[in-house]
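Scrolling down, you'll hit the structures one after another.
What follows is a pair of complexes built around chain A, which joins chain B in one and chain C in the other.
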Partner chain A sequence: MNQSSTNTNLARAFTIGAILAVVLLIVRYSQVRGSVVVLMAINAVLALSLYLPLMTGQLSLASPGFYAIGGYIAAIFSTKVFTNVGTPFPIPLIIVEMAISAAVCGFVAVLVGIPALRLRGIYLALATIALVEILRVAALNLEITGGAVGIFGIPQPFATIASLEYLYIAVPLLLFSMFFVARLEQSRVGRAFAALREDELAANAMGINPTYFKVLSFALGAMLAGVAGALAGHFLNTWNARQGTFDASILILAYVLVGGSRTFIGPVLGAALLSALPELLRDLGDISGIPAWLVSFFKDGRLIIFGMLIAAGAYFFPYGLITPEIFRRRKRELTPRALNKAAVQEGKSHL
Partner chain B sequence: MNLLESQGLTRRFGGLVAVDVVSFGVQEGEIFGLIGPNGAGKTTLFNLMTGLIPPSAGRLIYKGEDITNRRPYQIAQLGIARTFQNIRLFGTLSALENVMIARHLHTKAGVLQGVFGLSPAPQEEKITYQRATELLDLVGLADRAEQKARNFSYGDQRRLEIARALALEPKVLLLDEPAAGMNQNEKHNLSDFIRRLRAQFNLTIVLIEHYVPLVMGLCDRIAVLNFGKLIALGAPEAVQNDPAVIEAYLGD
Partner chain C sequence: MVQLSLFQRRNLPRLVLIVLGGLLLVNLIASPPQRQQLLNGLAIGSVYAIFALGYTLIFSILRIINFAHGAVFTVGAYFTYFLVGSPVGFNGILAQQRLPFSMTFVVAMFVGAVGAGLLSILLEWLAFRPLRAKGADPLLTLVSSLGVAIAIVNIIQLLVGAEVYSYPANPFNPILEPVFGKIPPAVNFGTPDAPVPVRTIQIIIFVFSMIIVAILTWWINATKVGKALRAVSEDATTSDLLGINTDRLIMITFFVSGFVGAIAGTLVGLSVSIKGPYFGIDFGLKGLAVIVLGGLGDIPGAVVGGLLIGLAEAFVPSAQVAWKEAVAFAVLFIILLVRPQGLLGRVVVQKV
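Entry: the complex of A and B
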């Protein structure tokens, strides 16, 4: 066996391990802390919202900004507009809030995207960080967003706060988002996205309008982030300027990088794993017989461990845990038969 | 009548004049050769003609219409397709995907139609797949449609670029050094292949080529560039015997 197939097998093993880990984490936390599982699903949607602009090769860290907008829209509508709707808060109204969030975020994204997407690479990332900051400072100072205090007591659609029942909304949303991205990748628009990611100049020469499709991918990502924010607003019960900050930009980027940025499964898995990580470390600290200093490191140094994992992931899995290659069937690998066939084709002159 | 016309196209890069007031017209249905020593400005001229870089001066005329400052995708919409000297395939995508992408202008489905399989997406997908497969077959790559473009040999990548350009259903096809990286046998077959393309797709072809026997045997007319200037234009025999051309190629 050659080097590349060994690597592919190793990658497959890690992928299966990661999926198993996610399943185990879901089973464990749905028993004790349901909120973790809901967060896993919401964060997976956020990871997909970063993946969408990445489909055209645009690294946008603006998702938390749109997530914040979505949260405020849900908070404002449910506390100020949809009053007298009784308790628990009707789920259809949450879906209405999600739709409004998607529309507003899409509109803002188009306005911001047309000038911002003239930038590339790290400069675009910086511009999108600036957008997140602008929105945060605006939220801190506006009256409608509740200033520094934020908005409290966002109505709940279920009997308890942060209930596991939120999965009834979060899981369909995640499944729909995955379906959406998967189908998009196989469509005309998805192919235009991929062409822009691979070689913008060549795509341009093939008749693909780069600005149009880059803004489109940016806006689709923004809409998804806004929808996730609207759900998170209800789920977290309170919304303020600490939601959707630059920290969240980096976390969401970590989901995509650790999971793998070349297929939509990667961000979803990365988000599920890393969202559960802080809770997992807290649990580790509860195991008896562990030295006290390690327990306190697990509890207080969670973000340090998080950072180290991201760095280690970037070193050992530069393409993330999930790569398109592992889905490819084995027949494409270089077996002697395939090599022989290739050699025959080389000899044939077709022109 | 000229289908595509360069009227004094000029491009300066700082102090260097890469293309220096070049004027010529390409007639409908002809195979037009663009030759010249290295650094003569041939590829820059191609880039000007496809909108990849804007000209410093001069005009580009297509079917009597001034298209000088159009963007590359707008020029592609008019029916002008090209290949690249330094191959620019979508490397990590399959050969089939590369060609399907280039059917972009002949399909319309938006995000929602594509995602939910609403009309016209399903029909379009079927035709796109069909046409792409036909074109891969035409260039002899149909049996490797699923392989990544970057794993192809140099010559096969050139063939794939031609298939991709043809997927645009262009009226004018610009080929930038199509024979580069091909062996003698393949170069010989390339002439026949390009003639066949012209007949089959009703094409007007402009090609840059270093391999002189190919150009002389294939082209109806030839333009010779040297240091950005057009030094000769005409039938192959006339150009071949032009003293200015001989000097440009052999030096003084």
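Entry: the complex of A and C
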């Protein structure tokens, strides 16, 4: 067994471990704290919204900005426009709000994206950080967004706030987004995205319009973030300027990088694992027999552990938990080239 | 990439810009109502400048933005606070404790800055060097530095809580009074009839920052280490082949970056007090605007960029003061769209 297949097996083990962990987390928290499971699904959609521009090789940290816009749209429409709809708040109207959010975010993304996507790498990342911060300050100062206080009492479609029942909306949304991204990757557009990611100049020379496809991937990501925000607005019951900040940009980036940025499964899994992590650390503190200082560290120092995990993850899992290799068939090892390589190692080459 | 000599032909546009900027400043100084904003803007701008120098030094040799710089800035401010002998507040593990010794403010500031410089070296060992040794994607290094920043900020919060800390009032007076006599709390830059008061501390901050900028410029231009730094920033592989110890140089750069970052932290703390563990993160984001405005990796650019952002913020009308926080980011966004190489930067031709 050669080196690369050992690595692949190790990677497969990690993948299976990660999926098992997510399943166990879902089973555990769906009984104790349903809100965690819903949050895992919403964050997974957000991770996909960052993954979409990354498909064309563009690092955009703008997702929290569009997430915030989506949340404000849901909050404003449900508290000011759809006022006489009775309780509980009808789910179809939430879907209408999601559609409005998607349209608005897509429109803003095209406006911002056409000039901004001429930038590459770190410059684009910086431009999107600036966009998120400008939107945050705007949300703090505008009247319609409720200023620093935000918008309270967003109507609930279910009996209790932040209940597990939100999964009836969140899971279909996540499955739809995953299906959409999976289909996109197989399509002509998806292959154009991949070509741009690998080499923009070469792709351009082959007749792929870089601006068109980059703006498309950016706008699709923005729409997804807006939809997630609209759902999160109802789910969290209150929406304010703290929802779309630089911290959120980093968290979403961490979901994608820890999960793996080369397949759409990676971001989803990374988001599920990392969103459950703070709760998991809190629960670790409840295990009897561990010293008191460790308990208080698990409770108060969750973000310290979180930061260190992000730093360690960058070193130990540079390609994330899920890499494309694990989805490749083993058949590939029997190509003529591989056979020849094996023969060379044995000392008798075919060539 | 580290641009130094202004008086070269290719730097002509920068010279023109600087002269025009100077003329504008003189014009503004001439009208009293704007003089106050101008001087306050210069004071905060000079702190932005030295803070951004720390960013840009690391960027110029590693081509990586060190997102933990904001955390080092915060740590420096806290170090100074505790070294002058002030107690911890009511929250955190170390609540109500204080160091068994105390220092005068200026000594504490420098000792604190050395501490922050050492922390910065530790950062390089933990978050940067291992990834560099593996030849990892710069993006991963960025994420790693962010992870460390989150950890540092939360360690501070765990230890000393999230309270607002203020330094003792007028800490520079014991040194300045023997030389200049009695130091007033504010200096009048207008006429006695139409006063234009500016807080003395702002003037001290400006002068102090400019001294730091001058020392750094001298260090980069005139010392052997500075020369090595310029060589590495121009071409790391070749300078390594020519016998420059790159790893040692990177360590020194991290130390200097942490040192000036911590001084900036103390100066901001002096001006507006330490607003909790997260105050360096916000400041760090504004620092990004500064270095992009000046051109990434460009040292005089960082100084000019810092002063310009400080001035832009100072001239926000008081009716719209809540929008002040967005100014730096609006500038960042516009500059990226109009002139991504920065105000003074060179265009980098993309090679196939």
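Here, the second predicted complex is superposed on the first by the 334 of 351 C-alpha atoms of A that agree within 3 Å, B and C clash if a C-alpha of one lies under 4 Å from a C-alpha of the other, contacts with A are read in each partner's own complex, and residues count from 1 in each chain.
What we mean here is this: a residue touches a chain if its C-beta (ideal position, glycine included) is under 8 Å from a C-beta of that chain, and two chains touch if they have at least 3 such contacts.
Model, not experiment: these values are computed from the prediction.
> Check the residue A:201 against both partner chains and state whether it touches chain B (first), chain C (second), both, or neither.
Both chain B and chain C are touched by A:201.
> In the superposed arrangement, which partner chain does A:131 touch: chain B (first), chain C (second), both, or neither?
A:131 contacts chain C only, not chain B.
> Contacts for A:89 in the overlay, against chain B (first) and chain C (second): which applies, first, second, both or neither?
After superposing on A, A:89 lies clear of both chain B and chain C.
> Of the partners chain B and chain C, which touch A:309 in the superposed model: first, second, both, neither?
second
> Based on the superposed arrangement, let me know which partner A:158 touches: chain B (first), chain C (second), both, or neither?
neither
> Just checking: does A:318 make contact with chain B only, chain C only, both, or neither of them? Give me first, second, both or neither.
In the superposition, A:318 touches chain C alone.
> Identify the residues of chain A that lie in both the chain B contact region and the chain C contact region.
Dual-contact residues (chain A): 201.
> Which bits of chain A are touching chain C when the two form their complex?
Counting only chain A, the residues touching chain C are 59, 115-116, 118-119, 122-123, 126-127, 129-131, 133-134, 137-138, 140-141, 201, 246-247, 250, 253-254, 257, 297, 300-301, 303-304, 306-315, 318.
> Inside the complex, what are the residues of chain A that reach chain B?
Chain A reaches chain B through residues 179-180, 183-184, 186-192, 194-195, 198-199, 201-210, 216, 220, 332, 345-346, 348-351.
> Would you tell me which residues of chain B are touching chain A in their complex?
Touch residues, chain B against chain A: 50, 52, 71-73, 76-77, 81-82, 84, 88-93, 97, 100-102, 104-105, 107-111, 113-117, 121, 124-125, 128, 139-141, 143-144, 146-147, 153, 159, 164, 168, 182, 185-186, 189-190, 192-193.
> Can you name the residues of chain C that touch chain A in the complex?
Interface residues on chain C, with respect to chain A: 65, 126-127, 130-131, 134, 136-155, 158, 281, 285, 288-289, 292, 296, 322-323, 325-326, 329-330, 332-333, 336-337, 340, 350, 352.
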